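The letters A, B and C name the chains in turn, as written, and every chain counts its residues from 1.
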């Protein structure tokens, strides 16, 4: 039962005479409904109900002198519930939040010896001498790097060419390749395309682009972006091709937009303009972003097969090696044909071997056509 | 499975163990009819009766003393000291008897008792109700000191404490009593004593904490995460005996350590952890250890208590300090 | 040798407000009685206001003394200004008569330690929360007075629950050994939070605990301010004359909850509470005063108005007192702050919130 006591009457008054009840035991009342009337020295005052609920008991009778703080009415606590502060001092905050975490681990953790061990003073010395602790072979007990070790490496470094911090595109390449390596589950299949039927003066790069488009038509899943955090992929209709361009100061991969819908001449013009812009350092940053699949025609320099690096969020890169003459079997007899070596590296988190294989087959089939 | 608050988890654990083991009994002030001033023992008098749920006279030293006598005779008393600020009269019994009964009698007599007490500030209470005395007890050989930080850990660690054959000081952070809920299965599964919990994995810095501060450390982790700092949170849970290996493994991984506790700084339990890290993990450190603690002042009255306690802001600031140091 | 003991019980004014024949001169002392009546009303008006402040978030947890006004007022009115009070945490009735201001009591429960820095009553002990510990402090202070041959007496209050605490027995025992000039008043209001007096001890009276300490113990009706005052006066005079300590068990009833955070309906029968109201101290004195012609309706109205206004003024002072700054945590820690603590002082300043407003 929740007891309602006579509240403060104001003006220092401490008691009043109960003049009339307006309710009776067993009755349901609403919030603010008048419960009783009391008469103070000044006036007759109506006392309203502090809550809605059923009245279980009345604690005074007409004519009684009731005191501020004394029990007047008992409410049935069933419906409303007793307002329990659940404390005897202060206020213990009741929060609504539900915690969902489970401990990652508990107890008896063991280290895996990942870190480099060096006393703080030695670390400070290394910092002062500009020595990266990762380059220092420890000679102290228990593989601890000593001050002598740091000084030794500092001397060696001072006698060699100074360290050259990577900047610009080299720096970007170092960072993005490291990330790619850490994340991607790379797999590669390789084959040779038989291009013997090609007419003279064929534009190899444009043929490769066209063949790549054919591959995308056969297996659209290789023209996609993968979101590893949410384990979802965007299979993209538009093919924006990243074309690897080699420069003295680093690798650039400008993006040729919408290669699936453009004619060969247009592609060639676009490609030439891109190359010129890169060489002249005029290529705007947005032209280096947003590739959906990449082509690396390293064969223009040297090399047959490779396992080029897939850079997220793309899921595939086609590498083309140097065209060569090769003895192949044709209709049961050895002949010399011109072949173009192909390497398709794909992110096996997103692309299956079958998909990659069918992609490559479509590329090879297109390249085998005379024109 | 139900979503329960920390104080409800304590209630579940007590009920479970009293049901399971007839030797378990409860004693303390206002724990029976009133269900405990924080309702930790709500409903237990009705279920288990006056002989196993005892409303004692107002006598803290007496409560600790009789609990020792009960325990020595093979009962499993779980005594409540209503606030850890009132535990001081009981210290004579706790230190001179509970902690060393087994040792003095060469194992002939033992003291399988649990002494539960709400601790810590932050509930806007009058004087003396906001203490954090855990370091004093951790200092004493022969005592276990356990402080849960979540409902699940309160449930599992209290079960473990009651089942443990030696005395356990079980300090419950008052501020966390109802602050949030967690799913806890009332399955009687104890959690391991003498073990730290890694509440959150991270790369950049280790924050070692316990009790109510654990909640604020997790809040600081969210905030820091948005700023690109990823902290690992280790909940000590059992201060004594300390599972130092887990702390060491974390410091080895991150190279930076912040210790956060509400108790005053000097000779707080953080000092012990810092000393052990220096002894065994000095070479992993990339920055000095930082302690974020209550100041060395009397816990102030409620108007100033928020400025006394290590806030989310101060904790985050401490992490940033160790991140910036060379 | 037969050990026999008797605890005498004093009541001079019945619950209905009738004086007993042996009431003596106090029953005719209109001026004194009006003073006591005013003081009890002032306590009650303040008490109700403090509860209301807590309910509206303007005060922290507060321990109401509703129904026990006669105990604090009756005892403190018998004290000399140079005597000393060692209160528990429910004795603002006594503290007000000692010169502690309403604002100071509000600051204390409002969470501001300046409330214990009494502007008057400079020697009195502050409110004591760890139950029963104030008795030992009172014994020590009494001993100091005796040693210095000062004619000063200490009065201390403790509850029925507190009288069951080990510290109480120890302190009382020492008071007996030293014949300390001390009066220990047990406010037996029937409840120690939810623990009723009957399961707090098997002793038939709480006053008889004095006998174990070799000290005189007596019971009074704690709702009868005449009896409380007479018993207190006798005990204080005896102590001042070198007669040693007395324990006065004043029997009353805790008409309010243990604190504003407690809900006594969880463990108390409302019928008990209702019956207790019929025995409360203020209405019985009013009935007596009115019957004797010492008090009338106009005076009643004027008193309540005056008390109400005074409390409002003090509340306004309290609410407009600016909150303490972080430096306050470091002040009065030692006589001077050790240099090693300066860093912490500055760190606390760095994290201090912006300029706050008052306690309201």
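The rule is short, and it goes like this: contacts are C-beta pairs under 8 Å (C-beta built on N, C-alpha and C of every residue); 3 or more make two chains touch, one makes a residue touch a chain.
Since we're looking at a predicted model, the values are computed, not measured.
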**Message:** Among the chains here, which has the CA centroid at the largest distance from chain C's centroid?
**Reply:** A
**Innermost chain, where centres are averages of C-alpha coordinates** = B
**Complete:** Distance in whole angstrom between the CA centres of chain A and chain C is 64
**Between chain A and chain B, centroid-to-centroid distance (C-alpha), Å** = 36
**Prompt:** Of all residues in chain C, which are in touch with two or more distinct other chains?
**Reply:** 60-61, 193, 262, 266
**Asked** When you check chain B against every other chain, which residues touch at least two of them?
**Response** 30, 37, 124-126, 129, 302
**Item:** Shared-contact residues (touching 2 or more other chains) in chain A
**Value:** 84, 87-91
**Request:** Mind listing the chain A positions that touch chain B in their complex?
**Result:** 84, 86-101, 103-115, 117-120, 123-124, 127, 144
**Touch list for chain B against partner chain C, complex** = 29-30, 33-35, 37, 55, 57-62, 85-86, 88-89, 124-129, 265, 295-298, 300-305, 307-308, 311, 313-314, 317
**Item:** Contacting residues of chain C [partner chain B, same complex]
**Value:** 60-61, 89, 108-113, 127, 129-132, 161-162, 164-167, 192-195, 199-201, 262, 266-267, 323-324, 326, 328-330, 333, 341, 344, 347-348, 351-353, 359
**Asked** Quick one: in the complex, what on chain B touches chain A?
**Response** 3, 5, 7, 30, 37-39, 82-83, 123-126, 129, 150-151, 174-175, 177-183, 191-192, 194-201, 218, 235, 237, 243, 245-250, 252-253, 255, 282-286, 288, 302, 326
**Message:** Using the touch definition from the top, list the residues of chain A that touch chain C in their complex.
**Reply:** 1-3, 8, 10-15, 41, 57, 59-60, 65, 67-71, 74, 82-85, 87-91
